[in-house]
Amino acid sequence: MKKLSLVLALVLALSACVFPASAEEVVNIYNWYDYMDESIFEDFYKETGIKVNCMYFTTNEDMMVQVRVSPGAYDVVFPSEYCVERMINEGLLAEINMDNVPNAKNISSWLMNPDYDPENKYSIPFMWGTVGILYDTTKVDEPVDSWGILWDEKYANNIFMLDSIRDTMGLTLKYLGYSMNTRDPLQLKEATDKLVEQKPLVKAYQVDETKDKMVNGEAALAVVWSGDALYAMDLNENLAYSVPNEGSNVWVDAVVIPATAKNKENAEKFIDFLCRPDIAQRNCEYIWYSSPNAAAIELMGEDYTENLAINPTQDIIDRCEWFQDIPENYMTVYNALWSQVKNAK
Amino acid sequence: MMKFIKRFYLSIILFFLYVPIVILIIQSFNDGKSRAKWEGFSFRWYQELFNDAAIMQALYVTISIAVLAAIISTILGTLAAIGIHAMKKRPQSLMMTLTNIPMTMPDIVTGISLMLLFIFTKVERGYWTMLLAHVTFDTPYVILSVLPKLKQMNKHSYEAALDLGATPTYALFHVILPEIMPGVITGAMLAFTLSLDDFTISYFTTSPLVQNLSTLIYSQARKGIKPTMNALSALMFVALLVLLLVVNRRTTKAEVKN
Amino acid sequence: MNNLQVPAWGIWVMLAGLMVFIVLLVVYFKRNHGLKRPIFASPYTLWMVVFTIVPCLLIGYYAFTDINGAFTLDNFKNFWDSNYDMNKELIAMGFNPADMGFSRGTVNVDTLVYSLWMAFLCTVICLILGYPAAHIMADREFKLGPTLVILFVIPMWMNFLLRTIAWMSLLEDNGLINSLLEWLGFGKVQLMYNSGAVLLGMVYNYLPFMVFPIYNVLNKMDYKLSEAAMDLGCDKWKTFYKVTLPLSLPGVVSGITMVFMPAVTTFFIPRMLGGGNTEMFGDLIERTFLTANNWNVGSALSMIMMVLILLSLGLLRKVDPEGEGGSMI
């Protein structure tokens, strides 16, 4: 019994040290894991005396739950574009004072004033990319230029689809010649039927597992985000990435400040720091996603510009669409239809 | 012959349980970042492990919570099991239903409902709320491990002790507890294990400032889980195995002495 | 989901309920038992009321209200007809769901049935594999029992996510098992992306929960009883069937409970090992809560499942009315 209470006391004493108290200037950032070169925090501290506390989330949905229920916990958050729109609509975001973010001028103009935040009042792009097909050139010897290849019976049981409603419905809508943001239930129904028809050919619906499996040669074709494609192609030279001609989705992970942020000015300083060309370059070279920062791209030179997966031509970009946030009642339709796809026999 | 078959059977089951662990450990020595490609043997991830403050912090949170939750839920659950066992039929089945409810709830519902509770009562989520949640889902398992032992116990020994003048507390510690100890230990181990392994409930009942290993691993999923996590698991595994061997040897020695 | 605020009276109702419960508890103990053993359960009871009953009431609140907090049964209709909400929205948009080919959606009901079936299979397999293991470990001549218990636990101390990913490395088409098969000259077999792989993952995860309680009971059993039975002329099998098995029933019931209940709500394993081709109810609930962001329907689905599991546990207790079987000899 004595031993037990000793252990208890010890553990209690230890757990008291979990939260070190400090009166320092801080900025609490809430980001995807491994989505930033964290050595920049040190430089930021040296320059401004502000300490960066980093927290991580796994999906946009989880992140939004946390932002809603923990007011004041986060100063800088990194949502994807459709979530920016939803968060604006829910009043979760603070307007960024652009006077404190002079480096925002480095962002490529075509990424500014997007549909999801028309005047960039609330958000600044941090990274961007496309959705496309990652394919194994040892198994696919025809050109991959249409989403239609995903319905080709030659590749039965050799296809990975994204387990993500908007992306998968979106590419099917594109294949059928509609907009990814359509609100016509008949078009949605058509896309659903198309996906149900495809289901016997699909090996798996997954998200994060796809990249390692493609490296391992588990399937011929996989729908992926460009970031994952770059990761996989780096590890397996037989892989290639293509954005089909019907067009696809351009996604953006943006930087925002929650309305409840406790350290808004520090947050703005940090965002400005992220937009600085040298810092943007370090981040981009660390995670190797497409950078929105024109000045940083200039610094990176050919390594970046010659890589078509990371730096698609304007022609490809023009065929792509942003995702718009979909109102609740249409989301109900989307979810019910997706349920049918996921559970079709 | 029978003996051989028995041992063979157990070995097969253990093999089944340990194959993934072996894979996990092998992957920790992979020089590359992806589990899909072997790029040579290296201790790289072990070196990175000790420089990774986030992992070390998460390890500390995970273990301290698991230990605390196991201690609290074992005390709470053992007492409860004794109480429930002595109850009459009706209240007993009521209590068993109460015990079964948290086990029937999917983790995500338990997590979300507890989160609602904490938001409601304006309790800031963090280390302590995670601990409360862990105790809540651990305790029923302790009860379910202890109850069968109680049922096996001689029904009259407790009453006999009371008749002979023992106080209920004395009887509890000297009559009931020794009898049910194996069940209590199993319960404590289950509680520790469940707490160590929990992701979903922790995720909703803590703030992202206080991460345990599971939530940290999960947050890595998008960019690929780093082999540092495998390295950590391998180290934990070896440590546990050594501990087990030492304890086992000491107990066998003690048995020999007796 | 969008109204995290339950109306102010909600908390008072719950507090009042809590008080009533405590008063009843005190009255009960005062009248029937005095300061006897049942009082030992009161800290636990209080704990469970605060951290289980109240949160359950919150879930109940969500299950019976719509997004604006008004009373509704629609969430349950959504369980029976997974297209219910969609069809309502479609009609509001001026479409006729029937013309579009939408009738009742059976997705949710099918998923529940599938999950119950998988959990049942998992429990049966765990019992078939686990009982002999527990029996061998509890054998008096087998000295390694306690060591083996720990050996059974250690794999569970490695992170669940990492273990499941390790299974993926084994079962993939280019995984280790298939590479081995190929090297041995057999062809490749698709081991993953099907229900079998999901079942394997479930059994792997829940097997220890079956072994422990049975081992515990068998270990504690008076071996003289089975010796007596042998002396009285029972053969090995008859002794097992007439003596050991009945005596071990409490452990079996515990084991079944500990495996079946979490197994029904399994999630993540179907996604990882089953390739997300068929959802289980746990996945469905998770998706409804997080992706579809619909806490009301999500709560209703959880409630339905809890009721079903509690019912099946009630049945289990009917089969073994004493819930212990310990006094059967």
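For reference, chains read A, B and C in written order, and residue numbers begin at 1 within each chain.
Just so we're on the same page, contacts are C-beta pairs under 8 Å (C-beta built on N, C-alpha and C of every residue); 3 or more make two chains touch, one makes a residue touch a chain.
As the structure is a computational prediction, the values presented were derived from the model and not from experiment.
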| item | value |
| --- | --- |
| Required steps from chain A to chain C (each step between touching chains, minimum) | 1 |
| Chain separated most widely from chain C, comparing mean CA positions | A |
| Chain pair whose interface holds the most contacting C-beta pairs | B-C |
| Intercentroid distance (Cα basis), chain C paired with chain A, Å | 34 |
| For chain B paired with chain C, centre-to-centre distance based on mean C-alpha positions, whole Å | 17 |
| Distance between the centres, which are taken as Cα means, of chain B and chain A, whole angstrom | 35 |
| Residue list for chain B, restricted to those that touch at least two other chains | 35, 119, 218, 221 |
| Multi-partner residues of chain C (each touching 2 or more other chains) | 4, 290 |
| Contacts with 2+ other chains: residues of chain A | 59, 62, 69, 213, 216 |
| Residue numbers on chain A that touch chain C, as the complex places them | 59, 61-62, 65, 68-69, 90, 157, 163, 165, 185-186, 189, 199, 202-206, 209, 213, 216-218, 328-333, 335-337, 339-340, 342-343 |
| Chain C to chain A touching residues, read off their complex | 2, 4, 67, 82-83, 85-86, 89-90, 92-93, 95, 100-102, 105, 107-108, 110-111, 168, 172-175, 190, 193, 271-272, 275-279, 284, 288, 290-294 |
| Touch list for chain C against partner chain B, complex | 4, 6, 11, 28, 32, 35-45, 47-48, 50-56, 58-59, 129, 132-133, 136-137, 139, 141-142, 146-163, 165-167, 169-170, 176, 204, 207-209, 212-213, 216-217, 219-221, 250-251, 254, 257-258, 261-262, 264-265, 267, 281-282, 285-286, 289-290, 295, 298-299, 302, 305-306, 309-310, 313, 317, 323-324, 326 |
| Chain A residues within the chain B interface of the complex | 4, 7-8, 11-12, 14-15, 18-19, 28, 30, 32-35, 53-59, 62, 66, 69-70, 73, 207-208, 211-213, 215-216, 231, 235-236, 287 |
| In the complex with chain A, residue positions of chain B that touch it | 32-37, 54, 60-61, 64, 67-68, 71, 115, 119, 125-127, 203, 207-211, 216, 218-224, 226 |
